[in-house]
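Next, two complexes with chain A in common: one pairs it with chain B, the other with chain C.
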Partner chain A sequence: MSDLAFPLDPTPTDWNDAAMQRRIRKRYTAERRFKLLGLAAVSLSAGFLAFLLITMLAKGLGGIDIGFLTGSDATDPAQVGIWGAFKGSLLTMIVTLGIAFPVGVLSAVYLEEYAPRNRWTDIIEVSINNLAAVPSIIFGLLGLAIFLNFMHLPRSAPIVGGLTLALMTMPVIVIAGRNAIKSVPPSIRDAALGIGASRIQVVSHHVLPLALPGILTGTIIGMARALGETAPLLMIGMRAFIASPPGGFTEPATALPVQIFLWSDEVSRGFVEKTSAAIIVLLAFLLAMNGLAIYLRNRFETRW
Partner chain B sequence: MDTETITNAKMSARNVSVFYGANKAIDDVSIDVSRENVTAFIGPSGCGKSTFLRTLNRMNDTIPSARVEGRIELDGEDIYGSGMDVVQLRARVGMVFQKPNPFPKSIFENVAYGPRIHGLAPNKAELETIVERSLKRAGLWDEVKDRLAESGTALSGGQQQRLCIARAIAVDPEVILMDEPCSALDPIATAKIEELIHELRGRYAIVIVTHNMQQAARVSQRTAFFHLGVLVEYGETTEIFTNPRQTRTKDYITGRYG
Partner chain C sequence: MTALTIALLLLGLGLAAWLAARAKAMAFARPAAGAARVHSLPAYHGWYVALWAVVPGLIVLAAWSHFSGGLIYQTVIASPEAAALPAFDMQRQAILGEAYALATGGADAAFNPQARALVPVYEGAIAFYFWIGLAAALISAFAGGAFAYSRVSPHFRARTRVERTVMAVLLLASLIAVLTTLGILVSLIFESVRFFSMVSPIEFLFGTSWSPQMAIRADQAGSSGAFGAIPLFWGTIFIGAIIAMIVAIPLGLMSAIYLTQYASPTVRAWMKPALEMLAGVPTVVYGYFAALTVAPAIRDLGLSLGIPASTESALAAGLVMGIMIIPFVSSMADDSIAAVPQAMRDGSLAMGATKSETIKKVLVPAALPGVVGGVLLAVSRAIGETMIVVMAAGLAANLTANPFDSVTTVTTQIVQLLTGDQEFDSPKTLAAFALGLVLFMVTLALNIVALRVVKKYREAYE
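Then we have the complex of A and B:
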């Protein structure tokens, strides 16, 4: 017996021992406690969302009719409509997407696939991450300084609002794009390089298509955030009273969140209902965008 | 060190050293790759055999810290010279990787991709011919001819690896480098790949890295033994396995270490 290198434990573990049973009970309690805490956290946020939806629907649903959906801002709450602000938001978003998406994706591709790893790219990386966290009011001031005071673009126009929001959305797209590109397995790059694909062919034929779902998700999240932004638009003058929907990118316009802000400031009682109605329209727009994101992601997702 | 040269070599390396940063992974290796035979690189893990293989079609270029010294020739042409187009080089010197890595596209598209980017097929019929021929040569045609539109990733591991070989063959390379092509496969799939290597021999110069000595003995005519970044011995496979000149080789093939 004694020449065994590891002699057998003389007393085998007693799983029915009282102390052992206590330990097991404690473990189960901890498990239950954690589950309850998690559930509480989820119900807290879901509760607030439900509260918002219910109060808004209760207050605002009555304010939604054809006149509201097709009209523009007015001084009389019974006459106001959301179409002007909706179209303003739509035009602004088109500009934002048109600028932020290509520039963001190109930056992400360059940083991931081409840029050498050195101090400069490290600095650029940190700057982009910081840029994504800069408060939106600062982007508003930047837009005011560059697009209005320096480039003399028309005040209150969707083109300026779109450009300003594009500055804000770009870093979000760059970060999401880089993560999506990083998650494409290196073996795919090797495979393409190994049969003589050039770098640009590797990127455009393999990396980008595989990264597209991730890039799109990030883009829509950035766009949804831009859609809800009010502060930068106030800075560049999209808070004017506009009584007719904008005819183009350079005409004075307002946007959905700004319209909500303006109406919520009105003293007249009739605007309370209209504010809620406008919030419903904004939320519907947001939901539609997120739905599109999910659809696109499922559509382009590659199954391995 | 062994510097046996062979006449009419397809590729030849002279005094090649590879560095990863300050770390020397390959030390002064000179070797000739035969035109009509299968050459096996054997050696324990981390001996540099895969690193050396990847210098033969400049796949190491993708690693920023990697640096290659010395001279490697393909038919007498310096592949690290300024006149060498690396994209063209990789079409001439194809590669099959350790883990099967088909594109997440259809079987047809996997094979057609190479000919397409190199403009080898002027029309669709021609492309289909190339795809069929490549799949036949890779011994996969009968298994997939009715489902060419299915995803390449839906195949079994062994089929995927043969698809990767078909993909490499489709651009009509002169040399095929195989980096432990069977290490992720079961014995039956491995046997199929080995059989395939026998059939491809002569048409392509083949270099195979393997840590399986029986495999090297089965598929190759020439074997190079690497250890700690150095080429210890290189010669006829039968010689290496029955009558090694170096004690280190002998110790390795008899299982003393590795």
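Then we have the complex of A and C:
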């Protein structure tokens, strides 16, 4: 080939040729560069998370003490506490769980086990999948229009916040529940039916207990999302100044994320520390809930 | 809490009915040899009777709690003590409200002496209607329970009936999702129609001036009440679909590629949950972080570059939103790269392509529809996101493409319009619902398109 005056193919084919070596080096450099780029993307994303957490810890850790954990909102940043907002969140979450969990599980059972394949079932499925993707603020508008203006439930109350968040959380539980029920093998249903169980007995005695860890995992993740949600609660007026913890489901209350939002608007410098401290408490709770969900999944979920 | 007392009483009755019926059914549960077979297990008889005892009682209770308030009010108004009340409606309502609070223990002292006189009347009326409600609920519970109890017999098909009820409950539960969707549509459309009867839809959708402050007096200056939403739409697209995506697409895609193709299993096991944590951090935390740390840094950067920068720059909100969106992009990209058939990867590597060449020339083009679907879902998530923009973006409705300038978004304005006093006949409040309707429609369309793209792509490789 080398004695040809005009090589037909400019691509070098000899491995020891300098041009070939250069070409290979170039390709390997590109390979390394690409890999580094990927590593940089991952570290940048994770680094941002670390930066956020460290910033909050550095600013807020000094603000956490017994007074902060047991007090309520005040105008003086040295006096404020989060127990009032936390209790509001707790009451809201009780309502949310009390409605979203039964309704979500029952819908999941119906859709996965009994629903006939027809137009109605399609409508139900499409609306559940769409609800899971609707922006949370739209649920706030729904709560404002239906629960407050139409049904005249008390404003700023945990029951309204809980109802609104329940509608938002329910699709998450339905989707998780359906996946958990789907993963129970059909042989179990066939065996139960074979020894004479009714279709309801098959589900209540066998399928549901086996799917429960998966359903609970999905529920906890949905509840964690609801606990961090702010926008819908702003819409229904859970942003009042609450100087003492709410006593019941119908009393004016605020919630932990809304309290963070309210404090972040304060001009006084002292509130920066308190806002960051409240964020640490909120993040600690979310982390604990997600940890519990992961534990439940690893400990109880059966792989068939 | 009187209704709650009655409800608890009813549940207790239900338990008693369950035990009684089960005991009655137990007596014939194991028939002597040669006798007819029993249809249902004792517990089903128990459930049947308990349902008959509790459900009619609860229906009566619901009706009672709906009507009793009005009836109590009528009784009090008709009483001789109420004749002395002022005729002026608002004053009378205030006194009545105070008396009611006193009678139910909601308040300790009366502000108005007239209210004190009404307290015994209120207490009497409340007690009277409580006993009526209690009696009606108990009678219906006992009647239902007794009827059902009398039917308990070896041949009675209790299980069939109980299971039919369970199925009805299941169907009702799954209809709640449809009702919620309908509720969203009806409430948004209803309020938007009222808004569009005051402001023309053309002006709303294509107008370029947004200042929703309505004039209280006709001669007030600067409060024209302009409702052109184009600056809002632009701000939303600029922050959510342009700046956030410039951050999220490269970072999310490259993270997914690195974690699926290069990372060791240990790195993957730690970094994947860490990235997913980005989606789990509440948005109010991102908003606070953006306002506290990112926005001042961006402003300083802008000033050092000689650009007049706002503290509420679009860049700060978009940047932080982009970070929040990374996990959505990366998990969708992860799934669609994993779905590319192994044979295509092997073929490319066997031809001598390096790993990165395989990724760039084979995997990413093959996974592109899935990635595009993920990006569309991420855009829909970003434009519906509220807290980051409420806390970090501005309120000024600017029509600008300068990322250091302040823009406002649809969600910011919804929050802004609906906080504080709301009057449900002013276009200012109703405009929030019109904006909500637009937001709902756009996110819905994006989701449908995205799911369709992803589905079509999955079918191509199955």
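Just so we're on the same page, the second predicted complex is superposed on the first by the 250 of 304 C-alpha atoms of A that agree within 3 Å, B and C clash if a C-alpha of one lies under 4 Å from a C-alpha of the other, contacts with A are read in each partner's own complex, and residues count from 1 in each chain.
One rule holds in what follows: a residue touches a chain if its C-beta (ideal position, glycine included) is under 8 Å from a C-beta of that chain, and two chains touch if they have at least 3 such contacts.
Please read these numbers as outputs of a predicted model, since none were measured by experiment.
Partners chain B and chain C, brought together by superposition on chain A, fit side by side with no clash.
Of the two partner chains, both chain B and chain C are touched by A:S198.
By the touch criterion stated above, A:V42 is placed in contact with chain C alone, chain B being left untouched. Of the two partner chains placed by superposition, only chain C is touched by A:L283; chain B is not. In the superposed pair of complexes, A:H206 makes contact with chain B only, with no contact to chain C.
Once chain A of one complex is fitted onto chain A of the other, the partner contacts of A:D190 are limited to chain B, with no touch recorded for chain C. In the superposition on chain A, A:T92 contacts neither chain B nor chain C. Legend: residue contacts after superposition of the two complexes on their common chain; A:P116 is shown touching chain B, with no touch to chain C.
Distance between chain B and chain C in the overlay is 7 Å (nearest C-alpha pair, rounded to whole angstrom). Within chain A, the residues touching chain B in one complex and chain C in the other are 198. Residues 27-28, 30-31, 34-35, 37-42, 44-46, 48-49, 52, 55-56, 102-103, 106-107, 109-111, 114-115, 123-124, 127-131, 133-139, 141-142, 144-146, 149-150, 167, 170-171, 174, 198-200, 224-225, 227-231, 234-235, 239, 257-258, 260-261, 264, 272, 275-276, 279, 282-283, 286, 290 of chain A are the ones that touch chain C when the two sit in their complex. Contact residues on chain C toward chain A in their complex (touch as defined above): 159, 163, 166-167, 169-171, 173-178, 180-181, 183-184, 187-188, 190-191, 250-255, 257-259, 261-263, 271, 274-275, 277-278, 280-289, 291-293, 323, 326, 330, 354-357, 359-360, 377, 380-381, 383-387, 390-391, 411, 414-415, 418-419, 424, 432-433, 436, 439-440, 443-444, 447, 451.
In the complex of the two chains, the chain A residues touching chain B come out as 116-117, 185, 187-198, 201, 205-206, 210, 302-304.
By the touch criterion given at the top, residues 57, 59, 62, 64, 87-92, 94-97, 99, 101-104, 113-114, 117-118, 151, 153, 164, 167-168, 170-171 of chain B touch chain A in their complex.
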